[in-house]
Amino acid sequence: MIVDAFYAAPALLILALGVYTTFVRDTFPATVGFLAYGLLLTVAWVQLHGVDVALTEAAIGGGLTGLLLVRASAKLRATEAGARAQRPSLALRLAAAVLCGCVTLALAITVLTLPDPAPSLAVEALAHIAPTGVGNPITAVLMAYRAMDTLLESIVLLLALVGVWSLAPDRAWGGRPGPRYNADPDGILAFIARVLPPIGIIVGVYIFWVGADAPGGKFQGATIVAAMWLLTLMAGLSDVPPISRRWMRVLLVAGPAVFIAVGIVGVITTGTFLAYPDGWAKPLILVIEFALMPSLALTLGLVLAGAPERPAP
Amino acid sequence: MIVTGATLFGLVAAGLIGVGLYGLIVNPQPLRKILAFNVIGSGVFLLFGVVARRGAALGLGGDPVPQALLITGIVVAFSATALAVTVLLRLFEETGSTTLASDAPAVASEPVVDAGTGTAALPTRGG
Amino acid sequence: MSEFLLAAAGFVLAMVALGLVRVLRGPDDADRLMAGQLLGSGGIAALLLGGAAIGDGSVVDVSLTLALLAAFASIAFTKFAPGADDGDDAATDPARDHRADAP
Amino acid sequence: MIPDASTTPGGWLLPLAILMPFVGVLAGLALGGRHARSVAMLTIAAGLAAAIAIASAALRMGDSLVYVLGGWSPPLGIALRADGIAVAMIVAVAVVITGIGIYARTDFATPRGVGEARAPMLYWMLLLAVWGSLNLVFVSGDLFTLYVALELLTFAGVPLVCLDGKGETLRAALRYLVYALAGSVLYLLGVVLLYAQYGTLDIALLAPRVSPGAATWTAMAMMTAGLLAKTALFPLHLWLPPAHAGAPPAASAVLSALVVKGSFFIVIRLWLDVAPGLVGLPAAQLLAGLGAAAILFGSVIALRQARLKLLIAYSTLAQIGYLFIMFPLAFDGATGMFVHGDALNAGILQAISHATAKAAMFMAAGLVYKSCGHDRIADLAGIARASPLTVLTFVFGGVALMGVLPSGAYLAKKLLLAAADGSGQWWWESVLVTGGLLTTSYVVLVAAQMLRRPAADAPPRASVPRPQELAALALALCSLALGLTAVFGPVPSSFLGNPLAPKELGATLMTIAGGTVLALLFASPLPPLPAALSAVASRSRRVTLPLGAVLEGIDALLRRWAVAGVSLLLVALAFGLLMHGDV
Amino acid sequence: MSAVADVFSYIAIGAGAFFFLAGTVGLLRFPDTLTRLHALTKADNLGLGLVVLGLLPHVDGVLNGMKLVVIWLLVLLSGADAGQLIARAARRALRRHPPA
């Protein structure tokens, strides 16, 4: 009974917040609702025994996505009233509601009739984990069994950054992204932006480091580091470098490039792309992760910093 | 307990996907559509989580394969959100409006006049 | 023990839920901004309790991440909240700032 | 197909084909500025070589190429597989990218005196990214990797739409992005449901495991609807016309010729490889029915466009419809399964001929714009004298699409007609014939305007860069000659005859005559005609023009966001019910 | 030893839960934004502190114990800061529409 309550509370709250976020009239409350939603999802992932996922959600869902959305909602506030007037007709809303209901119904039926016992690759994943040298099966999936997906994921992120940059006005190309934030150097924001990042960076590196054997990893660590960087940006303590900086470009591509290079090492030593030679799996995985972590942190930070707006001097 | 807890989350996921789809279709504000996309996305991810949890075995709390896919999925969804929000803000800066309703084709800035009959073609600007 | 911990976690979550109802109702955006604080403390408490109950030590790492990112998010929210003016902390370079609601 | 989880000779070419373009992206980004274009050129050369190597390796093998990444075989790992259709697409995409790359060299050169400029730098990154993603789509044997590939393709495609940064293109890009994201999230939903049922995402392993059931049908319906949204099959096309018409020509060529083919290809994988015995004929009839509607709407509305680029964009809408006609014809009634056979080959052939022809046509439109300073169809007179090669390119591209011997579209149509005949689905024959007439109508319309003598006081036409003309022409010729090359593949050569034989010539002339009549009836504005003819035409147009306007009105309605959203779910629901009803 | 630790945990966590209750009651019952903020930040942070205290005897390893304390300190720090920032936002809102 108690156990059920513990399980039910976040589940129902998440549903309620999802409804709130979707239906509340104004956008700002919706984004606040979404922030709460993201934080609660973290609890849900723990309940579902997905601690690695919980870490990712805590970092991305609430934190970075929250910043992205709230900034946009503040900027777009003036457009809201006009946009509301364009609500589709009642008939369309009704049709949409019925169809969405059908989708939910179909999915609910599917959930209730999922096969039992559930098919699972857990046994296989554990059976082959020894040669990868890592202790966390999720890391084994991400860095060995399905390393290709992870490589492509880092390219997806890079491509998103290219997309964000592509939105720069021509005159600002090569310049600095986003506005330059100023804040009172003795104010609260500046204070916390000085205190939090050192702690955050240590935590980020720690989360990255334990990833091989415990929940954690490069992505989660990188997100925390990126968030800390963004904090110092918001407090006006630092500025984004112009996107034309060569070192920055190199740092951005270093992660995926090293990943591919290690894949080619596999070709040379074992004859197979992305394979690790016997006994070398763990060091090579670490090499990839060490190269990816700064690239990911920088990419994430820059994606959030936005398109270049200020022409380089 | 695995099954009941997971099933509850599965049903919540089904609900979230429906709610999010409704928001995506009906809410006229692009930012809210992006939010709704994230709600759908998290519903799908929850479903992944449920599938992973049900596949728990050998002392693992869940099937690591869907959990790993989930992490990749969250990253991809975040990238998509970031790109969409940036396009939206840029659209607002450039045009002062954010509506997606007008489907004025990008290059047809001149009136379409039928030379054969001399009458203007039907207006095709959707509302 | 673990039953107790789960019960405590459930209780804290229930409190968070009640608080959320109040906070999200507003009327001011300042009220809504408290959501981050509410979850930052309540959500973390529930996580720690739940993690201890199921005996998973790595949940502590999740809480740590959540503490950092919740702090980050609350600060970002107060900085960009629609009511935020160009006061001492929220000032941005006016020449570069396109905020729609700038006074 | 028996799951084969060991690497075959030549398999190593597959990861190479995927990663080479992405390595080009990384190198271009790091080196930046002026180097981006050179990096792209080098990558294109290498990629083309890799594509040819894959083709020859596949021919030598006589079977699919397989590569097991990292040595981890499915279900735990990921296998890359290139069967015949994948190899054909890889080669076709490589050729089209090469053509577009040569064309874009002029348009996206970094201006003098600038270290790095936005569009010239990014275009090359995006072009390569599209290429890598498409190769991944073609060879990935894993449904989740396909999801990542789809997203890569979207992320590369969206910035191409708004490369010039104008407000309306940004709106088009946002519509495209958000709708495409809705599509991919539905696809991902299906992926979860399949994994929940079968515990694997490997296509070859799934095929023998899938069984009828609510979960599988839900998954298939969601995935299909999501993919159709990304392909912009009617009525899920709200984003396509403004996005494809608004982008710079070299980008439109990529989007129209290539990007939409990615999600189309995954529909094939789903229906023919993942669950060939599950989808059933009724769902396939619906799919082809949507295709037929796309042909009708796309072609008629294309005829009513005043701008060349919009006309070509709507033509893409119609041609996408063509691609889906093959599904019911690929259904083998005896076994109740979809089979790899002539119908599928026809579909792929159609996709390739459209890719080559449409790229050429958009490039020609770009050249027209350069020459005239506008692309108003009514004012194209005189262009034929100023840049005859451009006009020739457009006409060749158009003729290739019309399905005249020896084009790929001709061969595809023959194969489909034979399949329709063989399975007694005569109605698709009439759709195919009507479609050919409709295609002809807008090609004739534009060609007639291009070939007109300019008025005495017409502004002079500028000349255009020769390499660009040649690149476009080469692609148009590829499309036109595709039928010849395809007979070396799995297609019986008996389908090709002498294009000047009385029967063929007669058919061609009939098509052109029919198309001309349609153009006269629906085109807006009406091309100038002799007075007598004009009187007849305008009398008939009293009926046809309002009809066209009605179609245009319906199209405008369907392209409203909420309507398109509802359509997306309706399509999913319809597929779900039809699949269910079949068993 | 273990029994003592358990009793300590029960008491500390129970007290922590009580403070969460108090915070929520304050949120629900207090009349204006500033007092609600006061109730939230004070009571919940104390509640979390007590929960951390109650869990400390059960963690294995010094590192995990330290992490728990750091979590609490982080929440305190961000609570103090964000609390201030929220209060300013509330004050500005008050200035814009003063209570009738």
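Chains: A, B, C, D and E, in written order; residue numbering restarts at 1 for each.
Throughout what follows, a residue touches a chain if its C-beta (ideal position, glycine included) is under 8 Å from a C-beta of that chain, and two chains touch if they have at least 3 such contacts.
Just so it is clear, the structure is predicted and the values come from calculations on it, not from any experiment.
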Reaching chain D from chain C through chains that touch each other, fewest steps: 2
Judged by C-alpha centres, the chain sitting nearest the middle of the protein is B
Greatest separation from chain E - chain, by CA centre: D
Let me spell it out: compute each chain's centre from its C-alpha atoms, then which one is farthest from chain A's centre? D
Quick one: name the chains whose C-beta contact count is the highest of any pair. A-B
Chain B and chain E have mean C-alpha positions lying a whole-number Å distance apart equal to 35
Centre distance in Å when chain D and chain E are each reduced to the mean of their C-alpha atoms: 58
Centre-of-Cα separation between chain C and chain B, whole angstrom: 25
Using mean CA coordinates as chain centres, what's the chain A-chain C distance in Å? 18
Overlap residues in chain C, where contacts from two or more other chains coincide: 16, 29, 33, 36, 38, 40, 56, 61, 64, 68, 70-71, 75, 79, 81, 84, 89, 98
Listed in rising order, chain D residues that touch 2 or more other chains are 76, 144, 148, 151, 155, 158, 162, 165, 170, 189, 193, 195-196, 199, 560-562, 565-566, 569
For chain A, what residues touch not just one other chain but two or more? 3, 47, 49, 51, 64, 73, 75-76, 79, 88, 92-93, 96, 99-100, 103, 107, 110, 114, 118-121, 125, 141, 145-146, 149, 153, 156, 159-160, 163, 167, 188-189, 192, 196, 199
What residues of chain A sit close enough to touch chain D in their complex? 88, 92-93, 95-96, 99-100, 102-103, 106-107, 109-110, 113-115, 118-121, 124-125, 128, 141, 144-149, 152-153, 155-156, 158-160, 162-163, 165-170, 173-174, 244, 246, 249-250, 252-253, 256-257, 260, 263, 266-267, 270, 272-276
Quick one: in the complex, what on chain D touches chain A? 7, 12, 15, 19, 22-23, 25-27, 29-30, 32, 67-72, 75-78, 115-119, 122, 125-126, 129, 136, 144-145, 148-149, 151-152, 155-156, 158-159, 162-163, 165, 170, 189, 193, 195-200, 213-215, 218, 560-563, 565-566, 569-570, 572-573, 576
Please output the residues of chain C touching chain E within their complex, sorted ascending. 1, 4-5, 8, 11-12, 15-16, 18-19, 22-23, 28-31, 33-34, 36-38, 40-42, 44-45, 48-49, 52, 57, 60-61, 63-64, 67-68, 70-71, 74-75, 78-79, 81, 83-85, 87, 89
Mind pulling up the chain E residues that touch chain A in the complex? 70, 74, 77-78, 81, 84-85
Once bound in the complex, which stretches of chain A touch chain C? 2-3, 5-6, 9-10, 13, 16-17, 20, 24, 28-29, 32-33, 35-36, 39-40, 42-43, 46-47, 49, 51, 54-55, 58-59, 62-64, 66-67, 70-71, 73-79, 179-184, 187-190, 192, 196, 199-200, 203, 206-207, 210, 214-216, 220, 223-224, 227-228, 230-231, 234, 309-310
